[in-house]
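First chain A sits with chain B, and in the next complex the same chain sits with chain C.
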Partner chain A sequence: MAHKRRIGVYICHCGGNISDHVNVKEVAEALLDEPGVEISRTHMFNCSDASQQEMVDEIKEENLDGLVIASCSPKLHLFTFRAMAERAGLNPYQYVHVNLREQCSWAHTGDKVGATEKGINLTRAGVAKCALTHPLTAIRIETQPRVLVVGAGVAGMRAAISLAGMGLSVFIVERGNEPGGWASQAGRMGPDDRYGPEVVANLLAQIRNHENIILYTSAELTAKSGHIGDFTATVRLRGEEDVSLNVGAIVVTTGFTPYEPEDGEYGWGKPGVVTLKDFRQMLEAGDGPLTYNGIPVRDVGFIYCVGSRQTKGDTCPEPNTYCSRFCCMATAFSASLLHEFEKESGQTINQYHLYRDVRTYGHLEAVYTNARADGALFLRWDPKEPPRVEQSNGRLAIKVKDTLLGDEELELGVDLVVLATGMTARKNDTLNNVLKIPESKDGFYNEIHIKLRPVETAIDGVFIAGTAQGPKNLAESVASALAAVVKTGGLLKKGYVNLEPLIAEIDTDKCVWCNECLKACPYGAIERVLCGDKEVAMVIDSSCKGEGACVPVCPQDAIDIEGFRDNQIMAMIDASLKELVAA
Partner chain B sequence: MSSPGSNGIPKILVFSTNAISDPGIDLAGSAHLHYSTAVQVIPLPCSSGVKPSWIVHALKRGFDGAFIAACGGDCAYLSDCTTRTGALVTRTQALMKEHGISPKRLKMSGLCSVCADNFVSHMNKFQQELKSLDS
Partner chain C sequence: MLRASSELAARMKEAEGFNAWACFHCGTCTALCPLGYEILPRKLFREAMLGLEDRVRASIPQIFSCLLCRMCEENCPAEVHIAENIRTLRYLINRQEFGLK
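On to the complex of A and B.
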């Protein structure tokens, strides 16, 4: 027989945020009638130090074995109260949180009676769940002090060097023949005029000098097994030989693919229409005037936002709706490079910059200011009427309505049209099959939280950085690489990791090994084991993510997710209907 | 079978997901977008883990409708979360029929972490539909 629980229920006023719309006293009193509830009271702020201390004392004095906090959303204070439970000597997984603010008082302002009734139901459900909790311990895993970096662009190289500097061993796997990524082809780069190939060469020299880094080129990650802290990665070299690497974490820096315009898009395909990459390389091509097909260039038109910030339409069924971030700055920076070329060569070149919005944010504003001081003319177009590029008299003509000149239709005769093409997600089928990192709608790898956990992924121990995660300029790519370094270092230098125990559990008495859970599990976290002489399914604790995809597919009803067990959910449903059932 | 809750306002049980749709529902509250107090949420890790038996139980006990607020394309666990949850809904509706419950009492929709307006309009619409089922 289950022993009687001793649960403490604490309802928060939230200074009035809750108590103005929910009668918290009434909620607290109603809960005193629930089975197992020893204490039920209110606090002005549950999260204040004083209230927490009171609760800690009470949990100890009253020997409570369950805790229900009804306050703001658990997204805010779940970890606060877990820590508080631990300080009070209560297992943190015997604490249940009830969302009485975001999902009650704030959603029902003006209906205090209804909100109070709902608040009672929500808290009853919390108590019902709490009564069925049992102590859980975090899963502890030893970590290996080695890292695999996938992709040797600037982000990957920079990450590898810093990881090695922390005393970790690093393997870099680069699919191409050479490391460096797009920076190798970007020429002189803004905002600070660093030469891309030189940036790459410097990083490569540091990698070569570091005894803790091994760089594999023409190599690809083809298989991965294991779990956070202890992965086995299979790397195929030159398409023939396999090496096996044991690492504790994986950092994915596989970069982007420049947008490839559609035929005819802003004149793409016509002679004289090039990308920014082509243009940077033309500027570098050496002595003599700037020419295209042997003809000196007198006028250049730059078109911004090509392949970025698109809207859905007949010609664009799958738009890239995002801003590519680097192209305004990189193109405006090219204006100053062109101006410098003019001064040095004596060749007069007019430049027109056709933009939608100049997004040279933060310090990058200086690049735009310099471009204008260097004689670049900026014309603004409306996405409803984008510029058109046509051939005319052996040259190119750009027709554009300049919204800054009252929509005056201009025709600019130019010799060269430079398209500032944006960034798109790189096709990476093999890798995606191996790592299964979730992707955003745009196809870039998805972080767990864009603000709070920007380099972690849903796959524990796998981090993302650089433009693989979304459009970034070089400085931002490096910043995110270093963020991934810190997260990886934090994980591996400690030597072990604690995982949430809120994972699947299989009742071996019920299980008949039908294989359905294994088929449903996206993480390969189910294995077949012998239990006596019976074959049953077992959960690999370190691989299970606890999302529960296996739960409803089990024909024997043998699977539960800790924290969301079948009996808990059923009890929550019953408790929230208590009034109705009793009536 | 299930009878409408107090004041004849249909009671809806929502299964949300911790990382995606529950924050969306939180946001509706933060923005003081009002919806009925007869709507109650149970958060889960992922909508792919909802058991058909939970929904049938809830409807038999007194909820008038159940709504699965799935993570849709944003799910951090499963790239095919919507497909899987959709299949679950089909299975649950079959089970509901076996129990003499109208399959219209279960709805599912992807709800993102900022889909506050969306959530409220889903709830209002669903309550209207449930009312007409009961009339």
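On to the complex of A and C.
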């Protein structure tokens, strides 16, 4: 150690959460004996404004060059105390956090003596680590003011327009021949009766008029390199030509695939059994009466929850356990479309809606209320006895046990059965290989935090929105697209981004370029470079997450992770076992 | 097996003042009805809307016992005009629309 350190140690009561089970005074006193410790004291709440101000003053007055906070989990307050260190003029990476709550007091509630002893050891380890810290600066990356949007459904189109409105350049890559996604085929859409193709046409007109947006159709993202703020994306056009795009962020809006029923599932495959999409298109088709195979339709049965909310069973080994959210509203809205048709055409049509639970949440409730007010009959079935669809006398018969009418089975003769098929995750192997966005167990892309970080992914600079992230109706798809716009704008409009400097470092003298670290790194953060004549490994600062997979595999012991260096870890072990080592 | 009748179901839609489709089966009406018939009034309405002739016919004593007290209607959250609907059923039965001879 070059010079003697001046470390401040602050032990927190956490208002009793810690001090009820750990004698914090005793911990503070014990720590005064550690080498380098100048100050060691307790606070009722380290995080309170008053305590923070006291610590800031002391760091300045005592000229401290190290800080150990022993309190709750760093998940809660790491950034609080880093900011506090900065206010005190101390490098934030010379502050070390010790978790005395989750890892000590809460874990040893019945044993104050033992917990106190452990608290002392944990804090000593923190001090030992702190003594070996040195100032670090965040890695600063210049960001490119361009965005790649993958998928031109409503979510992707809406995101592109708003991103361009922020002054960013946008490239949209759409795999199909036409933009628009499913909304192009959904006809008149609820809850507010907007015509899907028209919604799409309006968005497309705005995109065509925007000089900052380039839309590629019949195109696919086939490769990506670089890192947050500065990606290079390779896009294949019409399966032949490649273009290379330099972008700062990627927004993935690749949508969903409607559930495809199994053969025979609710009569699927029998004439007259159709999906909601088919039904919406039938309603739109002509001015004449509503017919199926030339026969006028008199009774229609709608079956809800098809392919959603499934339970595991012999016929369904991998159930879609989730609710698809849009289908109750979309089907109940179709009831009103059918009523309107009935009124205009004079053709009498009975509607039976066979549901499990009606989930027209929020203001969508009005859609359900309207459907009932107009004369759609809603019958509830039990998932243990789902409706069966059979052919009888040239028509279809739905057999169902209506929970209200009790045990006797009810037979409904109908001309059409409309299946409200849910949403499933889209198969997207090429894209998944390129972007490697984690998926939920249902196959939709996973956000970092469902409540607090709903459009960010584990891949920095890659955002998700719309139904690619999970089932949503149109309005929700747009809301999430705009959330992704805000996150993307926040990232790119500043011009730079700061990354954690707690990353791997390679000792090029020791390295013999055996390639082991490159194979171990899940983030592709290792590169081969020449150091003079010698081939060695190099860490790409902006890609490394400091995850540490490379450290144990290196046969030369040439890698250290900043903040978790070998000498720090060894010192922590020694310090926490001080009594044993001495004995 | 109960068989719904398309014709009767359609007929119900034309019956004046009948609006039981709005019912969402909360059960408030049945719980409050001083007559305590399980069939009154929501189950009865369901049977009528499905055109379950036999079932409706079997419930004629209950349909004509209804006091039209509106205990149910007063508390129905779906604004079903329950007493009016029962009157409509009586009318249809008198007109022999439910196969009564």
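In this text, the second predicted complex is superposed on the first by the 531 of 583 C-alpha atoms of A that agree within 3 Å, B and C clash if a C-alpha of one lies under 4 Å from a C-alpha of the other, contacts with A are read in each partner's own complex, and residues count from 1 in each chain.
Please note the rule applied: a residue touches a chain if its C-beta (ideal position, glycine included) is under 8 Å from a C-beta of that chain, and two chains touch if they have at least 3 such contacts.
Only a predicted model underlies this, so the values are computations on that prediction, with no experimental measurement involved.
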{"item": "First (chain B), second (chain C), both or neither touched by A:Thr109", "value": "first"}
{"item": "Chain B versus chain C as contact partner of A:Asp374, first or second or both or neither", "value": "second"}
{"item": "Which superposed partner A:Leu412 touches (first chain B, second chain C, both, neither)", "value": "second"}
{"item": "Partner chain in contact with A:Asn99 - chain B first, chain C second, else both or neither", "value": "first"}
{"item": "Chain B versus chain C as contact partner of A:Asp402, first or second or both or neither", "value": "second"}
{"item": "Touched partner set for A:Cys12, first chain B, second chain C, both or neither", "value": "neither"}
{"item": "Touching partner for A:Ala155 - first (chain B), second (chain C), both, neither", "value": "neither"}
{"item": "Partner contacting more residues of chain A (chain B vs chain C)", "value": "B"}
{"item": "Set of chain A residues, in rising order, touched by both chain B and chain C", "value": "none"}
{"item": "List of chain B residues in touch with chain A within their complex", "value": "5-6, 11, 13, 19, 22-23, 25-30, 32-38, 40-46, 48-54, 57-58, 61-63, 73-79, 84, 88, 91"}
{"item": "Touching residues on chain C, where the partner in the complex is chain A", "value": "1-4, 6, 9-10, 13, 19, 21-25, 42-43, 46-47, 49-50, 78"}
{"item": "Complex contact set, residues of chain A against chain C", "value": "298-299, 348, 350, 352, 358, 369, 372-378, 380, 399, 402, 404-405, 408-413"}
{"item": "For the chain A and chain B complex, residues of the former touching the latter", "value": "73-75, 99, 101-111, 114-115, 117-118, 121-122, 125, 436, 438-439, 441, 446, 448, 458, 502, 520, 522, 545-549, 551-552, 557, 561, 564, 566, 569-570, 572-574, 576-577, 579-581"}
